[in-house]
């Protein structure tokens, strides 16, 4: 039978549900960080953890490279977030919406939390000289992640560079260059 | 007495409500377009139209300059949108979220509508040689607007340019240059 | 395989989604108006536009006959509405609920918008001598439309006329006469 | 200090809340029925019972006159309903929305329940020769009640009778006559 | 074809829906009460009444044995409740959450209603010398019922008795004894 | 001016908001554990962190005493939870609702997460010989905590012991003894 797609997910037959549907293991294990911005995302949403279905919670482990490894400006289209600084020192911030575009920032030490409202662009940067780790908690089983540079310059297919050149006040050749870089990331 | 701020807005005393609380006039009148990207936004949300309070609807008139005037890559943190092409021909698109960042685009003619899901980055560009007009309808009394370039490069105060340089794979001086341009826009 | 019905709609397989799922064309084209009250509804909800699924937006184009063509007293059971007067001059109004049943009315000119709260009975009437056009935007993918006279006097099968006679303080023969008229409309 | 109006209601200071805020007494006592349609509504929503605030429940006791006393065609703009036939035999029904306007009806005996979906026009009629009583439960602290005839013909001020004449395919003088009757009811 | 499980329930094909999908009969008939605590629950949710699907309402008839028959401390994880004292006199109460755990109680006579907020532990006890009957209405199609003693001491399989001994400050043998009693109830 | 209470919380004047409204510090610092069940809760909801207002997120740090220190059977009336095992090894479980009361359990090691659905009774127990720490994340700004034993046996004022004796099948003197113990805890 063909796969069916519904709003959210199909629920498992309740008689077949086990405790394993509610657990995800090994989030203490460091992940290698190889991307140019210096972070690795381990997203646990309803796709990885079926028991989240209908429950409005999800979580991401974020590993940061040292010396400015960053979770670059990004947003979650369907959830607000609490960020927990587990290991390391972070510079974090978010920008409010039109027309003020006000930036709120804070330095977080180990054990501090910070709140990022739904849909606002925000970032976290590792200020330390060693790897750092944070956890992001979301109030949605499928919050979504949009890294702004990836979406704008790395979409598939690319956005017409003349549109981006005008939007970002950049030379079209600079845009094409960015698209080449970010296109490779995906 | 000091102003109070609550979730949403205070409701007016029902005995004092009049029909004027539910109307906004003159959205047929063209607005001048002077900004560099070539669009003027006329946002009618609960701040302009008190009768919207608690009703989950709002609307924007968008005036586009000719020859590529664009509503540049932006998003609405709290609402999905229907865009109605009122006058002109448009190139529109949106990008899905991580990890696919898939771009969906379409040419819209007068009388066409297009749907933009909540929180996704999208744009509309005037393909014609004359002014164009669109209406964006939202399912929130306060959908919010975040133009990506304004939020990232034009925040107040600016984001540390070294963070943006790494995030966008740009030379820090290019970032500073962009911040100078977009900071002036706000 | 038999058709399945779920809350809302099945989502299409994401890999098969195209930009066409998010577009509906030709809402600028006038529709003929032939019904006795003088309006034609072109409703674009999730049935016509699959990309609306889960997004809480929908839209109706309303064509009005000249000289009092009306979108007669009706309501939307699952959404509030913004009405945009696109062409023409309108007399619009809504009635609040028990016990006040207060009527709020306004004359709208081209480019004016008016808000109708969810579930309240409201109407729009073309005051001009030529055809008029409005757009109604809804904060639901399936707002529903209930024209009061059609539902009360034109249901299928008809409501017992003695019930309606008492409810509307009408002679049962007047009710039967109305049921004959409205039954033919459906 | 002036009264303030917010979405919903102000919450009482939690330290001052008592069990009395959660109770309403005497709903077993028959209410006299004097109106022409033959029902008396005793609505207990957040205005009568402060403890309902934020809890999404409300209730109405409905007393029916014998021999066809009816809760005439009406709707609740913000809630679905369960109707419980407490005493008596009822004929109940609701009409679906455009374009089908399908009528579903049932005879209810003492102890039967029936469900009326949000915003749909429905009615209950006492089929017995003695008084009857029902309870309607709502999933909102403020469901709202709109009796169609009262809203359409008894609004304050009245709707222009020529609009109603066309909408209901009635002679304007019949409409004016109805408005005189229903205007007196409010 | 295998049964499918979705969020909520599948909707019936609208063309096959009948009035019977919206009715449940015979809730006036007394139910025998045989359990040790002295109540019988007749829960009508979306499983018993398909027309409740998507409508956020459900209902329970509760039959109470005389002389202290009780609906013991319990909660509804997904709905607030209105309790209607149909026949008899009741002692009812609920306890607020951490840290206050404040108890609110009231004596209800026939025709009184009481509100129990979502998720709070509450109870109803028959103070009379004859059977009593109440109705509980919920703002969910599937509110859920959790009797505290059944969940804690009667789960399947049992909770480790040493965990419960510490939690309830009871001797482990008392816990095992309770588990033997409540395990038999399920 | 008297304090006002609204649904949720008043929002701060946006012009006065600072980054400090979005941060809470020092959640890495171990809390002493002195209560008999062996856990200390550090709840960060909208009362401690004003920036959570309207954002549907909150968090608790839980410190566990060694050798069976437990977060005893409890529930959250307004939110589902993700539990993150930060330090230590845990035995965790939850019980489904009537009529199955099925127990799902799992041993969690450092770095594992487990999901607890809204309103269900659940527990976490430290299996190790040293202190343990977990974080519970909630999808509500005010999830609420109800420890079953505290609410049932430690309410203020106490529940009539004869009601609890019947509900829990305990001798009334055992109940009174429990009430003495748990009443002292509050």
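Lettered A, B, C, D, E and F in written order, each chain numbered from 1.
Criterion: contacts are C-beta pairs under 8 Å (C-beta built on N, C-alpha and C of every residue); 3 or more make two chains touch, one makes a residue touch a chain.
Note that the structure is a prediction, hence the values are computed from the model and not measured.
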Note = Quick note, more Cb pairs in contact for A-F or A-B? It is A-B
Key: Same or different contact residues where chain F meets its copy chain E, judged by the half mark   = same
Message = Among E-F, A-F or B-C, where does the C-D interface recur, judging by over half of the contact pairs matching in residue number?
response = E-F
Request  = Take the average of all CA coordinates in chain D, do the same for chain E, and state the distance between these two points in whole angstrom.
outcome  = 28
Averaged-CA centre spacing for the pair chain B and chain A, given as whole angstrom = 23
Key: Inter-centroid spacing, chain C versus chain A (mean Cα positions, whole Å)   = 41
Touching two or more other chains - residue numbers and ranges from chain A = 1, 4, 6-7, 93, 117-118
Note = chain D residues touching chain E in their complex are 17-20, 22-29, 44, 49, 51-52, 55-59, 80-82, 84, 86, 93-94, 104-106, 108-118, 135, 137-140
Query = In the complex of these two chains, what residues of chain A are touching chain B?
reply = 36-38, 41, 68, 70, 72-73, 75-78, 91, 93, 95, 97-103, 117-121, 123, 125, 144-160, 162-164, 166-170, 174, 178, 181-182, 186
